[in-house]
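There are structures below to look over.
After this come two complexes, each holding chain A, first together with chain B and then together with chain C.
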Partner chain A sequence: MNDLLLRDFVTHLLEGDCSQAVKEAERLISSGYTAEQLVRNGIEPAAETLNEKCTSVQFNLLEIMLFGRAATEVMKVLYPGGSAVDSNKGTLLLATMEGDVHDLGKNITKMVLTCKGYRIIDCGKNCCISQLIDMAVKENPFAVGVSGLISSVVPKVRQIRQAMDEQGLSQVKIIAGGGTLKQLTPEQLNVDFVAETAFDVDRFLIEILGGENK
Partner chain B sequence: MENAGKIRITFGNNNFFATFGNEACIKEVLDLTPVRVNSGCRGNGACGLCKIKILNDHVPEPTVTEQYHLTAKELNNAVRLACQVVPVSGMHIQVINAAQFFGSSVIRPTDYYMKKAFFPVSDVPRDKKHGKYGLSVDLGSTNISAVLWDLYENKRISGRRILNKQAQFGSDVITRIVAANESGANAHRLSELALETIGNVIYDICSQDGYNPFEISAVSIVGNTAELALLCGRNYENLLYPKNWVKKIECACKDKSPWTYKWCINPNALIEIVPPVGGFIGSDLSAGVLATDMAKPGKCCLLLDFGTNTEIALWDGSILWVTSAAGGPAFEGCGLSSGIPAGPGAIYKIDASNNSPDFICHTIFSEWQSRQPKGICGSGIVDLIALLLDADIITSKGKFNHFQTNSYELRTGAGEFTLTKRDIDLFMRSKAAIGTGIGFLLKSSGVVAEEIDHIYICGAFGKNLNIPNAIKIGLLPVVNPNIIDLCGNTALAGCEMLLISSKSREKLELIKQKTNLINMANEPEFDMFYRENLFLRPMEVS
Partner chain C sequence: MNSLELTLAAVTFRQANRVPVMPQVFGHAATFAGAALEDYIKDGEVLASCQLTAQKYYGYDVVFSVMDVNVETEAIGSVLKYNRNDYATIERYALSVKDDFDRLELPDPEKAGRMPQMLKALKIMKRYLNNTVPIIGCVLGPMTLATQLLGMEEALFLAVDHPERFMQLLDYTTNVLIRFGTTQLKAGAHLPVVFEPSASPAVVPHQFFREFELPQLTKLFTALKKAGAVFNWLHIAGPTQPILPYYQQIGVDIANIDYYVSANEAIQLLGDVCVSGNIKPLDFVETSAAEIEKISKKLIDDFETRGGLILSSGCEIPPEAKAENIAALVGAVQ
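Right after this comes the complex of A and B.
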């Protein structure tokens, strides 16, 4: 079982100990591990453990941010040329909607999903619907994730579905999350899913992909 | 307090106790409780309205004033005037003629008047025929506070704090702006509600304390940008677009005659809305800067006005750097399992005990409300988190040390209050937003924490804050606690200066020219600053 030998690596990631995690990754690579093994058997199980801890009573933003930083730094070591993209998993657009610039949650989601092997296109903050649609037409994502901390973004989020349908993007799922949005239901927001955390987004994406494979 | 004691008060079916210190009469004691007695003469015995009945044997001999106002039957039935009766410990009184209830409370100068504030002398020329009073108003999202000034005598004569009626449209300003933007009717109603609340304050002050509202000839209003824009009924929609968050938002109303009519003040009264700094930084912040006199050459001063949207100002000796941090309402006790706003029943201070593992809790207003604490307010949460860190019950990452524990039960005589890991997480996020704001202002100005000469903490949350604990958990920068002043409502104090003094107005203009607004959304290092400030440990600013 190779996994046992990755135990320290996983522990450092979960502790958010960035320098130790990078050091351990470098050691493992030099002893013959591939980058993909470290992602599959190290980063992904660590993210999974964190996911299990992130029930609403246990949620701790700092833990996730520290893990994210450590995982991002390790990925830089593993793939100096760019990120590891699992072509099977597909593309996801992320945006903080027009009227809001609080994009911390979106950035964390991006980090977690990148670790999970998705190809992420980040449309940035204060992103208007037309920008989002243009990007969707260009990048052909299977889902878009939109976030907002303040309540003024709600009307904008409600309009996305129709705007996408008009461009023939009815098959693209819409996921909402963030301070204000997560207090509302998918029906109220006219979206497919409302996520409490970044891991919730992942769960929903697995559901979509699983559904398509059947 | 030599004279300290306790009286029992009956009002309708309710009974409560009130303590007194140096209050000269029962009316003054009642003024500090939620049940106030009616009065039309500010307690000099001229009106005879403040009737109370003494229910036990502490009945004093009637004064000449009481003999004049009260019938023989009333005097025999132990009815007296609250302004004439000297409080005696053990006295039991019944309020017969209670004041109309606006939910207001009396502001005393000591409630917010700052240690080192200097007050200018009134020098604004006034037309005597329009009246001698002036009113300063701090238009807050939760509370509206107002103070009445005698402009000739150059003194503060009365003050009230009252809940903002706009709360029916939601408690945060963004929700109110969205509502106003939805329909003209909503926008009109929001403006009306703010005007009504100010009208209620004026009515309460004038009817209770015996001042003629028609003699109010000047009104100055400060507030956060959203509130001022909603009051004027214009430009509030600009705040929905991030591109305007560092721009000036004009808050002016050309025709204020409906306002003077609504408030029953002098029709020629000069009503001035002190313009906001820009974006979400209101004139409440610039008034605070003025009131603390922090913008002095060669000095480095930091001002923090805590709230859902915390406004932060740093004076580096020549430039005023300002920003606002959307920390959320955790400091106001919102969203936490046992959190409540600072008010009656709130545990506002928690100490370690030498001879017990339980902590010692101090509750606000426990004398005249029920003695039971109802929850923990922001300053209490700061203490609790600092104590749990000290006791190694939680870590600097906000996790419980014992691996299966996810909450702490704070035991009090009146039951237990829970602090969960999630509560700590929420609190850490609010704290991080403020730490990030301070960090960016220090970075922008090139000031280091050790160079700060003075820190001013404003707002209700700041009043009961334990400074060493706040430094320990990283809510305030690492400085000598002695340089930190808890100032209370500096916005109101600054607004008073603007009302009475032209020098203060000139000073404000100068400060405005030296103000530099920082929009943290444009900072690429925001996430990194925020992450480092999430830790429950002394702030590290480079």
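Right after this comes the complex of A and C.
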């Protein structure tokens, strides 16, 4: 949906201008907008614009990070209690696996999926399988997303399915992403989906939510 | 011709009897020689002995005194978490954005953190190899050290919010690297490779590279040459096409090319700069020796008329790589 009155808000977000975006969000709220409208008609379309760029050669990480910072600050204003969760969606765990310190991609994924209304539990970087499983038992996610940029994490990713099954978590889908993992197929990694970017995973998530949770 | 002579010929585009081959074997040397990665990155003697063992077995044209990307940041005060068989990770960064970057002291390479162990490895390898094989040390690039001191996101936000303070931090990191690199040259390195992943276009746009990074790299390479570096070798991974045209002006003699950049693109974008690359690191784990041989031969063919090629991987060969795949890379130049 294209709300012209939110144009400045979207521009500030896309320019990564944190303080202007927050100011504009506050102004819009005081003039009668709801937090949900600002997310649906402001933050989401802004993220969508970046989505289009992300697939082209012009991919600009810094731009996405600055947008992420501004969107996060705005969310704090919109939801001081810390919750913007869409009840039709659900919880997703994210982690960068043990031995890997590359976490920029995971952080961007977190930001994009938070903007789309998922509840994200971030297990951080250098996360081992047992930590991931403990968190999955505790938080009951519908999917777990792992990011991997160095090849030494590949054998660890392959083990996740079995470790989850042993804990009765067979229904939880496993998604892989990040520079190294995306060079492999779901079969090679023993996972359900391999994401090319932080944006394309949403389609898969909607599919599994639609297919199984409704 | 020995390995050093072959390398000199490649970098200066002279005829030689074969292309030099330099797989980026760092931690793999430990795995290969049966040492724990932790000992390898902490103890110069272990590092040197593993490097020499691997070089002798495979017969390639280089040894590296490269530990990991945390040597400088640890020497400045970051706290690391060591793992027995994985690279160490940073547990606490040495600096925060609020620090006064004007007051920072340069670490003394003879004393600080693991720097002395890296120097020790260089000295041992120099004694052993007697100027026949290139001995490559390593310093981070100014940007990567800045991101390793503050954390990647903190550093990038600082660059956007307070560019002048970020510049100040880069001035400091460049001076750290000049001092460390110069000491490595004195200890026996022919050159330190400048390892700069954080300046990759995968992370920052090329305009950022031009404004912040180019002046610092120029200063660093000028100083290293002056201190006796045989060549300047810049190592930036990922899709580097937009920044390759700057390399010649920065004073780069050897450009590392990752698998994201094709032979043709490298040739067109680099001018007279020798190329090192570009076999995909993951292929050394996932594919076969026959496949590595095939892509290596194709790469050699692609550079046949132009010259100026060092056959290598696009970045570090993963520690768990298959030995026969590295052997196939080395075999391809014969």
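Worth pointing out:
Note that in this section the second predicted complex is superposed on the first by the 208 of 214 C-alpha atoms of A that agree within 3 Å, B and C clash if a C-alpha of one lies under 4 Å from a C-alpha of the other, contacts with A are read in each partner's own complex, and residues count from 1 in each chain.
Everything that follows uses one rule, which is that a residue touches a chain if its C-beta (ideal position, glycine included) is under 8 Å from a C-beta of that chain, and two chains touch if they have at least 3 such contacts.
Everything numeric here is computed off the predicted structure, so don't read it as measured data.
Following the overlay on chain A, a clash is recorded for the pair chain B and chain C.
In the superposition on chain A, no contact is made by A:34 with either chain B or chain C.
Of the two partner chains placed around the shared chain by superposition, chain B and chain C are both touched by A:60. Within the superposed three-chain model, A:149 lies in touch with chain B and out of touch with chain C [touch as defined at top]. After overlaying the two complexes on the shared chain, residue contacts for A:140 are found with neither chain B nor chain C. In the superposition on chain A, A:183 contacts chain C only, with no contact to chain B. Of the two partner chains placed around the shared chain by superposition, neither chain B nor chain C is touched by A:171.
Overlap of the chain B and chain C interfaces on chain A: residues 16, 60-62, 65-66, 69, 99, 101, 104, 107, 125-126, 150-152, 154.
Taken together, the chain C residues at the contact with chain A in this complex read 81, 83, 86-87, 89-90, 152-153, 156-157, 160, 202-205, 208, 281-282, 285-286, 318-320. Residues of chain A touching chain B in their complex: 16, 56-63, 65-66, 69, 99-102, 104, 107, 125-126, 149-152, 154-155, 179. Remark: chain A residues 16, 60-62, 65-66, 69, 98-99, 101, 103-104, 107, 125-126, 150-152, 154, 180, 183-184 touch chain C in the complex. Chain B contributes residues 172, 174-175, 177-178, 240-243, 245, 326, 328, 397-399, 406-407, 420-422, 424-425, 428-429, 521, 526-527, 530-531, 534-535 to its touches with chain A in the complex.
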